[in-house]
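What follows is a pair of complexes built around chain A, which joins chain B in one and chain C in the other.
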Partner chain A sequence: MLVNRKLILAHFWLAFAAFGVALALGAWQMFIRSPLGVWLANPELYYRSLTAHGTVMGYVFPTLVAMGFGYAISESALQQRLVGARWAWTGFWMIVVGAVMAMIPVALGRASVLYTFYPPLIGNVFYYIGVVLVVVGSWIWVALMSINLRVWKKANPGAPVPLAMFANVAGSYLWAWTAVGAALELLLQIIPVSVGLKATIDAGLARVFFSWTLHAIVYFWLMPTYIAYYTIVPRAIGGRIYSDTMARISFILFLVVAMPIGMHHTFADPQVGAGFKFIHSAFTALVALPTLLTVFTICASVEIAARLRGGRGLFGWITALPWDNPMLLALAFSFVMLGFGGAGGLINMSYQLDASIHNTQWITGHFHLIFGGAIVIMYFAIAYDLWPHLTGRALADLGMVRTQLWLWFIGMMVTTFPWHWVGILGMPRRMAYFDFGDPAIAPQALSVTFSAIGGFILLTSGILFLVILARGMRSPVTDAGDYQFSLAVHQPATMPIALNSHALWVALMIGLTITNYGYPIMTLALTEGTSVPAVYVGAQ
Partner chain B sequence: MSAHELFSFRNPHFKAGVGITVALFILTALVGFIVLPFAQPWIEFSSVWEAICSAAGVPQRAATTAPASTHRLSNVVLTSSTLTRPSQESIGRGATLAQRCAICHGPTGISRADSPNLAGQYAAVIYKQLLDFRSGARTNAVMSPFAVNLTDQEIADISAYYAYLPRLPAYHPTPQLPKPNIVIYGAPIRGIAPCGSCHGSLDNKTGSPWLEGQSEVYLKAQLIAFATGERRNDISQQMRNIARAMTPQEIDAAAAYYASQPPDIVKAVD
Partner chain C sequence: MTAEDSHHGADIAARVERRWATVAVIIIVMMAVLAAFAGIHRATMPQPRVETTDPSRLHLSGEFVESNLGSVLEANGAVTVRAIGQQYSFTPACIVVPSDTPITLRATSADVVHGILIQGTNVNTMLVPGYISEQLMRFTRTGDYLMPCQEFCSFGHEGMWGKVRVIDKAEFANRAKAGGRLSCVGQ
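Right after this comes the complex of A and B.
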């Protein structure tokens, strides 16, 4: 039951349009910093582009996908018209206004601070206010998801919450809490300096606040992908979820341990004690657990589909899978990229191993593989799966869809593997150009060239994706029927309250945030003399 | 089941969830705050409490005695809003005080003696250099005696006055040269940022002067002084690190380029 289709489509279209622009910027950046391009006479242009790319890809694009998908889940999983649709539109328009407001100073070169803000670098205040508007707009979505679930619970007392909605609300709570770190940094520290009320800023404290947001935000980006793994893929390939309970436990674990781990981003920072770094490192290791549970459950679910299709043997069933089905293709690609990206992540979270790759291109490779690869390819899959239900028109050309997914997968591998390699060789990230003519780094030129070619393969795939969706708006009208989610092998009839509600897990998430962040933040905030003069972008 | 029953030790999920989380936190805290600090043989702790404080990052009081230095260091703090809104009175007082500077820096702030042109220079730049000359962080046989008796207010006034003057062409203008690589690209592999990323052309950073139309001899002399360590009032050795890594050809190219530029092309963001 999808009633507010226009609302959902608006979210998706804005998300993908912004994604297209940011993708083109990304490909340009890869080109000009490779040996193929001529050095930029004004490196500031590179940082301008990098800021726009990061801000759109980090804040605007995934947030809109999560929101659009969330509204679709709320209506179709709960079989209930969205409560507060007008508020949802308000949130959407706040994001539109926020994104435009943030991008104007970036385009003018007044906010080249990268999406991670980097105080004491301070940009134009409208950039920060724009980002705040995007976040506040998404908080409306968080509230609406909670309210809709409450309304449904009241109408269906004691019934198990559908898995898709349970996970969706878990994702929204994770986002609500993780965004608080960056919000505190912006409202208490950066914006007062940006408007001129203060001329100094505690950059160390700001980095700790940002690490609060920076890692858990990845799990917020990941949520729609994991929801698609569990509730779309098994249905799309004719299988069933191996275990509904295992799925819920995975989402609960994400909610609890995804949050208090961000300090592994500050391993090289002196203002955080080593003990807290160790705790964060240990909890980061734990967050691999829900991913391993998911990989196990989804492989088992896929095996069920294969065996139902007549697959036999220990591994023989793999050949019985519907490999021409885009959902399966996307899942397989996603898992491969998640595997490599996850292995790299285990290196980043280890204090000693991190030292050798900290702030190198390895990191860029890692998060593009996880986010751009494993996560975004499932965003494509979600869009393909939902599109006929949103537009009432079929996506006719599955061959084109498969080509697009292949290109994305190949492009991401070609882009990120050389990045990892040059990172190990020590190439720093966030540089506008490199002197490949120097014998010290000349051997890296070939890898970087490959990487740039990968960027253009990705751009091709991204354009193809937009073409497929646009063509889907004009194909003949069909009735796609009700939008359905996967069923479990054993559909739950009753559910213990702890696995049917979020309160306990949200409480644990907040509790761990206090234990793992409370002391470092408090000390930094109370210690005198830790602020440094702000550096205003473009000011003299 | 109500919320009351959810948050109850009779609920097995509550017991397991809270129990495992607390146990994990205690375990990781024990390892991180006690086991690992003591596992570092190169650090000695007098007590467990000291190890815990060290691992928690409790701020330690820095040594009260500064390391001995044979040279005075610059202690000027600049922000991008330093002296940005001078009063008319300040500029007027500065004009009077600046008469004593005219013999080298020219009556209109344009030098005929290979001293820096000051007309239209950023106030923060002149302010910092005068303070450094006064404190001895920067020394010059001619300049130091002029600076030594100036008050803070006089230094601010002189800075405001020169910043107020229009940017005039240099006294001996040469034909405009094309931008050399060192100015627009720097030398990335040697850690040299482009000159233009701080000194105009591309961007300006607080405390960095614009250089267009300055004397070639002066620019070259300063770069060499930075490279040899003769001049050392740059904060955190910013200019010394750059000048040391520059080749003599790059020093010549940068000095000649900036000397040949008309000052009206200074990227004016102010």
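Right after this comes the complex of A and C.
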């Protein structure tokens, strides 16, 4: 039952349009800093572009996908018309206004602070207010997801909450709490300085606040992808979920342990002591657990589908899989990129290993593989799967869909592998250009060139994706039927309360964050004389 | 599949799941206890290791005045290097150090966030204004190393490249005899 189709389509279209623009900027950036491009007469344009790319890809695009997908899940999994549709539209328009408000100063070169803000660099206040509006708009979605679940529970006392909705609400709570770190940084520190109420700011404290958001936000980006792994893929390839319970445990683990680990982003920072760095490192290791559970459960689910199709033997079932099914293709690509990206992530989070790659191009390679690769390719898959139900029209050209997915996978490999390599060689990130004429840098020129080519393969794939969706709005009318989620092999009839509600886990999430962040933040806030003069961007 | 098979399968799945859930919960509780223990016992604290400095007064007095920047040979044979980063260069722009010697790098920022990375080594630290970064290092190979600023520090970031010159231990000792602070700027 999808009633508010326009609402969901609006979220997806805005998400993907913004994604298309940011993708083009990304490809341009890679061209300009490669030996293929000419040096910019004004390198400052590069940082404007980088700020826009990061802000859209980090805050606007995944948030809108999670929201649109969340509304679709709420209506179709609960079989219940969305409660608060008018509020949902309010949230949507807040994001539109916020995104436009943020992008104007960025385009004018008045807010080139990148999406990680970097105080004491201070940009135009409208950039920050725009970002805050985007976040507040998304908090309306969080509230709506919670309210819709509550309404459903009242109507279905004691019944197991459908897995897709259980995960969706967990993702929304994770986001609400994750965003608090950056919100505190913006509201307490940056915005007062950017409007001129204060002239100094504690840059070290700001970095700790931001690290609160910066790691867990990745798990928020990941949530729609994991929901698709569990509740779309098995159905789309004719299988079943191996274990509904395992799925719930994975989502609960993300909720609890993804939050209090962000300080591994400050391993090289002078304002955090060794102890908390170590604790956060240990916690980060723990986040591998839900991903390992997921890889196990999803592989088992895919094997079930293969055996139902007549697959035999220890590995023979793999050939029985429907490899021409875009959903399976997307899943396979996503898992490969998650594997490489995850291995890189374990290196980043290691207290000692991080030193060799901290802030190099390796990091860019790592998170593009995880977010741009493993996560975004499943966003594509989600859109392809939902589109016929949202538009009432079939997506006819599956060959084009497969080409698009292949191009994205190849493009991501060609882009990120050379980045990892030059990162090991010590190439710093976020630079407008490199002097490849310097004999010490010249050997990296070839790798950077490959990355730039990868960027254009990605751009081609992204354009193809938009074309497929746009064509899907005009293809012949079809009845796609009810939107369904995968069923488990053993569909639960009852559910223990711990696996059917979020309260306990949200309490643990908040408690762990307070133990892991409360003390360092308090100490930093109470240390005298660490505030430094603000440096205004674009000031003459 | 008969009803009995299905029932049996469900039992196995439930058992496996319960085991996983137990392990996961135990780990989470242990981590929580660890974090709380470290906090309450003051076993691991940010504060004792965190040093602060006022970036607006660096040039007036204290450790990072201009005359104190560069490399110095300590009485015990170790070397201390002091440097600052500011938009868009390091001071000194060329750091000279001996090979096979324990070296302490002490650095800070005079304005925004910068980073020091010495290519081909694991020396990699952030310079956050208001705080002093300290890093231990040791070089076995002589020669020049590039030292880019690895953190975005506004529009001139791409031009912020320093250099580290590692020279033979004896040669360094010879040059240090004259006293003062060494660098390879202009050489």
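Quick notes
FYI, the second predicted complex is superposed on the first by the 540 of 540 C-alpha atoms of A that agree within 3 Å, B and C clash if a C-alpha of one lies under 4 Å from a C-alpha of the other, contacts with A are read in each partner's own complex, and residues count from 1 in each chain.
Heads up, the rule we're going with is that a contact is a pair of C-beta atoms (placed from the backbone, for glycine too) under 8 Å apart; a residue touches a chain by one contact, two chains touch by 3 or more.
Here the structure is a predicted model, which is why all the values come from computation and not from measurement.
Contacts of A:489 after superposition on the shared chain: chain C is touched, whereas chain B is not. In the superposition on chain A, A:203 makes contact with chain C only, not with chain B.
Residue contacts after overlaying the shared chain place A:478 against neither chain B nor chain C. Within the superposed three-chain model, A:433 lies in touch with chain B and with chain C [touch as defined at top]. Of the two partner chains placed by the overlay, only chain B lies in contact with A:504; chain C stays clear of it. When both complexes are overlaid on chain A, the residue A:272 reaches chain B and chain C alike.
When both complexes are overlaid on chain A, the residue A:536 reaches chain B alone and has no touch with chain C. By the touch criterion stated above, A:41 is placed in contact with chain B alone, chain C being left untouched. Of the two partner chains, chain B and chain C are each touched by A:283. Between chain B and chain C, C contacts the larger number of chain A residues. On chain A, the patch touched by chain B and the patch touched by chain C overlap at residues 43-44, 256, 271-276, 278-279, 282-283, 286, 431, 433-434, 440-441, 508, 511-512, 515, 519-520, 523, 527, 533, 535. Residue ranges on chain A touching chain B, taken from their complex, read 39, 41-44, 196, 199-200, 256, 271-279, 282-283, 286, 431, 433-435, 438, 440-441, 496-499, 501, 503-505, 507-508, 511-512, 515, 519-520, 523, 527, 533-536, 538-540. Across the interface of their complex, chain A is touched by residues 6, 9-10, 13-14, 16-17, 20-21, 24, 27-28, 31-32, 34-36, 38-39, 43-52, 54-56, 87, 108, 111-113, 115, 117-120, 122-134, 144, 146, 148-155, 157-158 of chain C. Chain A makes touch with chain C in their complex at residues 43-44, 46-47, 112, 114, 118, 120-121, 202-204, 207, 242-243, 245-246, 249, 253, 256-257, 260, 266, 268-276, 278-279, 282-283, 286, 289, 293, 355-356, 358-360, 425-426, 428-434, 440-441, 489-490, 508, 511-512, 515-516, 519-520, 523-524, 527, 529-533, 535, 537.
If you check the complex, the residues on chain B that touch chain A are 1, 3, 5-7, 11, 13-14, 17-18, 21, 24-25, 28-29, 31-33, 36-37, 52, 54-59, 77-81, 122, 179, 184-185, 187-189, 194, 197, 202-206, 269-270.
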